[in-house]
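Each chain carries a letter (A, B, C and D) given by its place in the written order, and its residues are counted from 1.
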Amino acid sequence: MTHHLCLDDLERAAREVLPGEIWDFLAGGSGTEASLEANRAALERIFVIPRVLREVAESTTEAEVLGRRAALPMAVAPVAYQRLFHPEGELAAARAARDAGVPYTICTLSSVPLEEIAAVGGRPWFQLYWLRDEKRSLELVRRAEDAGCEAIVFTVDVPWMGRRLRDMRNGFALPESVTAANFDAGTAAHSRAGGQSAVAEHTAREFAPATWESVEAVRAQTDLPVVLKGILAVEDATRAVDAGVAGIVVSNHGGRQLDGAVPGLEMLGEIAATVSGGCEVLLDGGIRSGGDILKAAALGASSVLIGRPVMWGLAAAGEQGARQVLDLLAEELRNALGLAGCDSMGAARRLGTRAPGYDPRTARRS
Amino acid sequence: MTHHLCLDDLERAAREVLPGEIWDFLAGGSGTEASLEANRAALERIFVIPRVLREVAESTTEAEVLGRRAALPMAVAPVAYQRLFHPEGELAAARAARDAGVPYTICTLSSVPLEEIAAVGGRPWFQLYWLRDEKRSLELVRRAEDAGCEAIVFTVDVPWMGRRLRDMRNGFALPESVTAANFDAGTAAHSRAGGQSAVAEHTAREFAPATWESVEAVRAQTDLPVVLKGILAVEDATRAVDAGVAGIVVSNHGGRQLDGAVPGLEMLGEIAATVSGGCEVLLDGGIRSGGDILKAAALGASSVLIGRPVMWGLAAAGEQGARQVLDLLAEELRNALGLAGCDSMGAARRLGTRAPGYDPRTARRS
Amino acid sequence: MTHHLCLDDLERAAREVLPGEIWDFLAGGSGTEASLEANRAALERIFVIPRVLREVAESTTEAEVLGRRAALPMAVAPVAYQRLFHPEGELAAARAARDAGVPYTICTLSSVPLEEIAAVGGRPWFQLYWLRDEKRSLELVRRAEDAGCEAIVFTVDVPWMGRRLRDMRNGFALPESVTAANFDAGTAAHSRAGGQSAVAEHTAREFAPATWESVEAVRAQTDLPVVLKGILAVEDATRAVDAGVAGIVVSNHGGRQLDGAVPGLEMLGEIAATVSGGCEVLLDGGIRSGGDILKAAALGASSVLIGRPVMWGLAAAGEQGARQVLDLLAEELRNALGLAGCDSMGAARRLGTRAPGYDPRTARRS
Amino acid sequence: MTHHLCLDDLERAAREVLPGEIWDFLAGGSGTEASLEANRAALERIFVIPRVLREVAESTTEAEVLGRRAALPMAVAPVAYQRLFHPEGELAAARAARDAGVPYTICTLSSVPLEEIAAVGGRPWFQLYWLRDEKRSLELVRRAEDAGCEAIVFTVDVPWMGRRLRDMRNGFALPESVTAANFDAGTAAHSRAGGQSAVAEHTAREFAPATWESVEAVRAQTDLPVVLKGILAVEDATRAVDAGVAGIVVSNHGGRQLDGAVPGLEMLGEIAATVSGGCEVLLDGGIRSGGDILKAAALGASSVLIGRPVMWGLAAAGEQGARQVLDLLAEELRNALGLAGCDSMGAARRLGTRAPGYDPRTARRS
């Protein structure tokens, strides 16, 4: 295998191997892709103030993720239809996550039935989209729980899909071999039409806007910890805590929903300060290195979700590639923690940060 | 018809079909075009903080526009000489607006007589430039009212024209077939001279600086609601309310008047907070998507004017193209409202915003 | 003559006609040219908040410049060796200034004797560099006064010359035909040496650092108003007022002295507020349009100095070209004043401004 | 010799003469090189407010550096394996520093034994990396003291090496002729492996994370002044003062350790204000001109370390080239001091600064 030294290397490898329209499906955002780009810009704008001369020889990348120790402060984010990227799809990715010691989030729109993915072992989570029929939604939750999933990651920022222009231009549709495996056979997103995305059409047919009552319904259905993914407003974070969730994912859905939505990182500090331990605060969007995880921690995240990069690895080299992504993140994070004088993610959360545009004479640590 | 997925697609289509000097007349700004570019930059700098899990299934793009329900929170902005862009000119654009359920602003410098445009129906407004002869100005107001116009949009930022260098370089003059149809035959802007814009020359001959007394005179002439277009200073917004106008358009005239004038969006929040319901606050300048309308709302606008994009549609495909622009904006806005957790423009106005350059740890919601 | 519509057009024309090393001498800054570029960036960062519906039909570009009415709020800045740019050099430029109704600043390093330039008439000023021999310095002042100069512009930011790398790389030296005409024949800057600028060598031989005592000596020598050119610190502005000067020029010497010196525009508002009428506050550096003059006024300048652009006109078309530059500035300023709702520079100084990077919801007028 | 007019000229010269992988070893940073670039960006963002008309004829570049007068406010920074850049390596660089009157920092990883370098004379300092065996670390300190070094510069930001991707991609290893001359023969970094840096491997084998106890141990071992290099957090600066060090170097290790670490310059003002004379505060990272030294002084540094530029000179022209770099810095600093109205570095530290992004009307001097 080639020597991939950073996730960008794997991005290039994936781009070479994937057909253009599948690359676009993975990489694209909505509208002008302003929020997609802003996710990276927000990370690049932040600088960390490292500490020195502290005991780091025994530093660890282990961290609590939804109340359980994980090898890394991360989980694999939900990404739909992973068999688009590699024939083994979700199974390969889940095995890589299991072996790396991090949770793997099974998608409502997985291309392998959730039970088969959960059977891989490790720490499966289940991502829930709210369906037009509440009963079918709760049935998915029940199936996930029965299959051994440890948590329900409820996506709350998709009342409907954002306008993903790349898919629309490509008239993107799933190949016959890839289906929404948790759904009935008849609902696949295979039809192709000019200026339309078959995936978006399918979503529009199947999904319905969730509400806070939907959250109640899920909580009533299961004792699994519930995580709300897609929170950006402080008020919504507060309400989530009041609703008794175990965690929130501060996220703009990788720039794929509201074009113009603020990057999660911009809201993270404020949300973490407000939530103040009421639930776990995860970050999602644009994390591309262990150093990025350090930045997220310094701004208040206890862990992060990693989506596209794991798919790059999957596309480039299947299970082994996905594992390589997680290994690189581990190596980078281990390196970064020590360089920042931190023996753990807990210490990382106490680091200071600076953003450019400051007059260093007047800027004060908050 | 090609699948245009966003307004930029139609801009490209219009640019291909229009002669260079007509494109320049439409697209250009004054001087270095700093204010023209700043309008877009101001929008791109703003990010919205979406809300989640709220009832959006029944969300609507309908909104009050000058006190009456419109299908969209917008009106077509005044643009001179629309027959430059398509043989049917203002008639085609007005029909598209009528069918889309939004007001259409007839120009003082329309290339079809105002009465003919108003006869298209829908909700015609009339844009007024102040002429050297006050009586002729008021005569235009009277004609507009007689023709069924619902409002007078008084342009207050053109004591004279800005230096639009593209037109000057092109020695831009109207073709014989396009005239200022509301004026006497002898006043057309057809003569061509090096380093001069015939349109600017014509304007200099015909127009005079309006004053607050002119506003009084218009208000005395008609009972129609009066909107002042071109307000940027908070003090002027306050005075406009005191003068009893129904609305103001916060605008730098699409970057075509004072080069270096602040973008309307930069002043919008402050003006909306100061006006505080004393009149409707509209925004103008650079709106290119439904997401942009959402941003304008979040900063305090109740609705917006859309100018150049409607002309792109007109140039690309006549009435059908203009309609396509309005349909796209409707579809984008509908999508964006839901993704932001808003059931209406009223909810959108309560959204928070962030601008880059913040330290997310110290930034506080205003 | 070609239709030059803005000063940038004349810059291009001058660049075409001037030999490379003379262009570099005129256009270059010191070091990395960071301060040179920052002068323009500072102007481009500022936006003006125009007012509307005010009486502007009778607006005037006339303004007080050093206590006397001038046709424009400007003077021609001191630029050395103007015969480098055109055979008629300072004489042509001074005639253009005279005819445009603005003061012209004769240089210590003029290539025509100061008396000949002053004989052109209009409003000559004299720029003073402090020489190694104080008596020779004061002798220059006496000569200027005798020749009819109206003011002494004392350059205070040249204890020695900045490192102008373009001149050093070019081994720049004056052609035999161009000399420091106010000096003895033996002091010309004609010798050429690798990695050296003959002009810099000459300056190093002749000049000495001025001090506040030098200002006293000049004031004791003459009753002419004294202007200190090159002030950037508020403390120095205050001290200048205490020293009884008639004006200060807030300036970083066109980015030609300390590379890394703050642009004058960045300090202007603070200095103007502190000086508060104690003396006239002029701005220098990067003004390229009438709109730029408006910005300078809005930030507190009563008038500006224009240097390089007048030389562009001179190079492109001699006296006529220089005049064209001043005419363009007049036309642009007249246009801009009205578009900003100002009947005069006095009104312009009360305009508000905004700089990008603001959250428009929280920004407040100062 | 060519006329090098600024350090960038020497950078180009070095880049031409050095093999690609050696250039990369010198020039590169860690990870995405964000911190490397940010060092320069931070300097470029700062502008100085010069003073005028003050006595500068007798201005001096001399300054206290670690309590002793030096010809310039700087020392040559530690750079490993200088024989990579020129056969005479550290000896040539140390001679240049000696002749220029500035301290030279001998590296733990010098390619000439420290005793030989110290024998060059001048003011040798010794840079210490903490080794796995504390006794060997202290043995290095003892050797340095015995050899006549004047200070111990303890690098505190290398618990382990940053991920320098260029070296890893190049599989960078030392040529046989270059070794870690202060170490036993067996520890050289010569083996080459794909995706690995032999230098990093060597470092990982030899070094161990230092702690505050290591500082105590060094202080107990020697009476030489101890400088901690690599401080960025205010808390660590305070602790360093409490630990009795003679100085700290505010530094992100030239962007070679934590990618994403804040530039030293961004923290400098705050640290200098907090330390408030408790020890000397030096700056390191990105200094490329005398003007940059002025900026560092204005933000609170008493002196700076210069690393890569001296190596450029060394690579381009050996001892003479290294000397040229120091001479250029001296000439630039002398020039800049006077242009800023400063007779010494002490005066420079009282200069005001501005950073772009300010509204000049509201910005206030700190």
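Assume a residue touches a chain if its C-beta (ideal position, glycine included) is under 8 Å from a C-beta of that chain, and two chains touch if they have at least 3 such contacts.
If you're wondering where the values come from, they're calculated on a predicted model, not measured in any experiment.
Student: Over half shared numbers or under half: where do the identical copies subunit B and subunit C land at their interface, same or different?
Tutor: Different-residue interface.
Student: With centres defined by CA atoms only, which chain is the most remote from subunit C?
Tutor: A
Student: Give, as an integer number of Å, the spacing between the C-alpha centres of subunit C and subunit B.
Tutor: Each chain's C-alpha centroid was found; their separation is 41 Å.
Student: So, what's the distance in Å between the C-alpha centres of subunit D and subunit B?
Tutor: The computed centroid separation for subunit B versus subunit D comes out at 57 Å.
Student: Which residue numbers or ranges of subunit D touch two or more of the other chains?
Tutor: 353-354, 357-358
Student: Examine which chains touch each other and state the graph shape they make (line, ring, star, complete, other).
Tutor: Chain contacts: single closed ring, each chain with exactly two partners.
Student: Can you tell me which positions in subunit C touch subunit B when the two form their complex?
Tutor: Against subunit B, the touching part of subunit C is residues 3, 5-6, 44, 46-57, 289, 291-292, 294-295, 331-332, 335-336, 338-341, 352-354, 356-365.
Student: Can you list the subunit D residues touching subunit A in their complex?
Tutor: Answer in residue numbers: 31-32, 34-35, 38, 41-42, 45, 156-157, 159-160, 162-163, 165, 168-169, 194-195, 208-212, 214-215, 228, 230-236, 252, 257-263, 265-270, 273, 299-300, 353-355, 357-358, 366.
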